[in-house]
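These notes concern the structure reproduced below.
A, B and C label the chains in the order they appear, each numbered from 1.
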Amino acid sequence: MEYVAQQVMNALAFGAEYALIALGLAIVFSIMGLVNFAHGEVIAVGGYTMVAFAALALSNPFIVIGGAIAAAVLMSLTLERVAFRPVRYADPTTGLLTAFGVSIILQNVFLLVVSPRPVAVTSLYFLDWPVRLMGVQVSSLQVFEAVTTVLVIIGLMLFLKRTTLGLAMRAASLDFEMVRMVGVRSNRVFAMAFMVSGLLAGLACIFIMARRGSVDPHLGFNPVLKAFVACVVGGFGSLPGAVLGGFLLGAIEVAMLVLLPQEYGGMKDAFVFGIIALVLVWRPDGILSPRTEKGDKI
Amino acid sequence: MILNPSQKRGLVGAAILAAVLIAIGLIVTYFGSRYQLRLVYSAFVNLLVVLAMQVFMGNARLTNLSHSAFMGIGAYVAAICVTPVTVKAISLPDAPWGLNTFSLDPVSSAVLAIVITAVLALIIGLFVVRLTGSGVTIFSLAVLVIVHSVFLYRTDIFKGNQAFFGIPQVFSLTSIVVLSVIVVFLVRLFRESRWGIQLRACADDEVGAAAMGVNIRRLRLIAWVLSAVLLAVAGIAYAFFLGTISARPFYFNHVFLTLAMLILGGMRTVTGAVLGTLLISFGLECVRWLETGPVLLGVDLPEVLGLSGIALGVVIVLTMALRPGGIMGDYEIEDFLLKGQE
Amino acid sequence: MELSTQPGAFPAPGPEPMLKVENLIVSHGPIEAVHGISFAVDQGRCVSLLGPNGAGKTSTISALMGVARSSGQIAFDGADISDLPVESRVQAGMSVAPEGRRIFSNLSVEENLVLGGATRPDRDGKDADISRWLETFPILGERRDQLAGTLSGGEQQMLAISRALMTRPKILLLDEPSLGLAPKIVTQIFQMIEQLKADGMTILLVEQNATQALRLSDYAYLLNNGRIVAEGTKETLGQSSALMAELTGIA
């Protein structure tokens, strides 16, 4: 029983992490159709900020966490200005390839400026201690992750429902031009989308770093790869879909770990991606995809 | 077979490109060092890959990221078939299904590799063609990850990241130049064929093309499988020259490299694919040389790892920002030479 | 119903029209849709652009709002706005209820209005306006929390016009407000426009339904194939021109 409860908690924690990243991807995709492959590098920037703080002998956890998140937000906004503005209204393939390029550049900059090898960051170990939750032994980090994700989802919902800019972002996912025609500045909408996306990346970074304890140039690549898959499965551009996809992926991944025999452990990713590919074939537009129509608007 | 004007122009264009490739091959054969020959050979392998990508991405205008995986499948199947039993007894002692108890001649191995890759591509393609836009991209990404996991995990068959050695080195630079010339013609003729034209029409206006009675899924499947077959050829050429392969070259780094080549030249045309490959292959060698920290004009440059990666990324980003259609856009090479001869 | 036309004030436009367009050329990619037209709208007047499908009416509206590539001069409220981006034109006081209505279908009725007033700093005035439109159109009031995409065509048109008015514009551009609506609804929509005009709103109306449009317009331009082929008041246009009959179906 305890084992099952622990695995459920594992699945929730994994799922929460994927959901955070997937939301960050979906929010940008929903307004500009950009599959932002450079999201992983935004996460890595947060990790390297922690390294910098450690080098400066700053170990106050609030400064470290706040700094990493701020760095991720800043990075995300910078990418929007520098790299993605020229391809803002381009077709999705152009945007996707640009993001690929940005991702390669940043990974190599990390490699060149810092190191190709992992750099240890110990300042977040304090987040992780064993706790008993309703008689089950779990990690405090997992609790933090699940709670943070729930809070983020609530916060995001409030933002999208209650603020004018939030409404504009929701509307922009269907008809950006009309949003501009009611006078909302497109630059503000794009900047806000990337800011929220960066904030979510920053939060995800905290949890990834707390678990791994080190950063390397590829820190964000694999999680983002999986988050993409989560987005697609949930329905790209749909925010509830991203959350659903994230948790689904977490569940599948933990199920694979538990159910696959030991000697197939190395094939975990293959099975996860295989299942996801099948979901995509079953519902080509994802489970909760926003309905899009081909052809002309009337 | 009677060719229409655009197909005739296609033949002219392909012939010009072929002449360029043959010239490069001749120059390197007679004047190049052994090291340069290897570099040029691998550039030609990448050319085959990029041409194969052009078949699907350039005509169907969908982004496929699994091309390196299909190249890997072709390379591994051929390698497993062609490697002598004596070598396999050492390198693959635990191989299942008696894989280490037989060996074929190079031609049969290549044919078998192409057939197996084609069948796999057909099965995967049946799913791919049901998807659109980002769906294709992500699905192909999943294919790449799955294939790579299998390569890595089944060390008893593929040896994972360790070297799969002992493949007879039956290919020379001449063989791959000949192969490239054939593929250039093939890819160009496909572009100008009825299928190619219909595919491009679908990419421009899917609803309209469907209304005209074009079966988009079937066309995309044809392009997908043809692309995979050419990728298998590239993989075989790779294995048959180097004699050693491993899983690593068939993953993300190679995907990005070849993608950058296709994008820079312009994925819509065959000329673009060739041009992009040549430019990046050459440019990257220059950057790699800088990376090692050479002495340039009396200045001892520092070693900068990662410079080639940055250069590659910058090429992609700048191309997308300034010329999303690549250098060639919609122009083929003969468009510059046969002006006004419509 | 009384028409507040003021004979004698036309056809000559006033010294400083609210909107003055000169030699406007609009292109969609390589295709030129409007080949250099000039027209003007005086403050407090309703001017219509009439013409058949493909005459260039909607292209003109898109160019005025700054969402289509165009050249030529657009002067609005005394300033040249030809090079301003769309958001600045809205700030300057232009607002549009576009062709096809384009309400935000994934937002509720009320949220559509809130977003319509996105540029307004005065919270209270904005809330008051929202209440006002929800009361003016009781059907919208009833469905204030319903997704706008679930409204009927006529309701969506009412919402689109209300949303356009949320910016408190100086000029309202209406693009085919009657398109695809039942005759009874069309009458309602035109009554609403008439009321707006009576309240002093400056209106540029684009219509295929020339009879209805002319009835409440002070002045009208007839477009065909991207050029102005005739212009005048209701009387001069309606009586004389055989062209008018051919292009709009008015005998």
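The rule is short, and it goes like this: a residue touches a chain if its C-beta (ideal position, glycine included) is under 8 Å from a C-beta of that chain, and two chains touch if they have at least 3 such contacts.
Values in this document were obtained by computation on a predicted structure and should not be read as measured data.
Could you see whether A-C or A-B has the larger number of C-beta contact pairs?
Greater number of contacting C-beta pairs: A-B.
Please identify the chain with the largest separation between its CA centroid and the CA centroid of subunit C.
Farthest from subunit C by mean C-alpha position: B.
Can you check how far apart subunit B and subunit C are, centre to centre, with Cα atoms defining each centre and the answer in Å?
About 55 Å, centre to centre.
Just the number, please: Cα centre separation of subunit A and subunit C in whole Å.
43
What's the distance between the Cα centroids of subunit A and subunit B, rounded to whole Å?
Averaging C-alpha atoms per chain gives centres 32 Å apart.
Within their complex, state which residues of subunit C touch subunit A.
65, 67, 85-87, 90-91, 95-96, 98, 100, 102, 104-107, 111, 114-116, 118-119, 163-164, 166-167, 180
Within their complex, state which residues of subunit B touch subunit A.
61-63, 127, 130-135, 137-139, 141-143, 145-146, 149-150, 152-153, 206-207, 256, 259-260, 263, 304-310, 312-317, 320-322, 324
What part of subunit A is in contact with subunit B in the complex they form?
Per the touch definition, subunit A meets subunit B at residues 29, 35, 83, 86-87, 90-98, 100-109, 111-112, 116, 225, 228-229, 232, 236, 264, 266-267, 269-270, 273-274, 276-277, 280-281, 284-285, 294-295.
Per the contact definition, I'd like the list of subunit A residues that touch subunit C in the complex.
164, 167-168, 170-171, 173-175, 177-186, 290, 297-298
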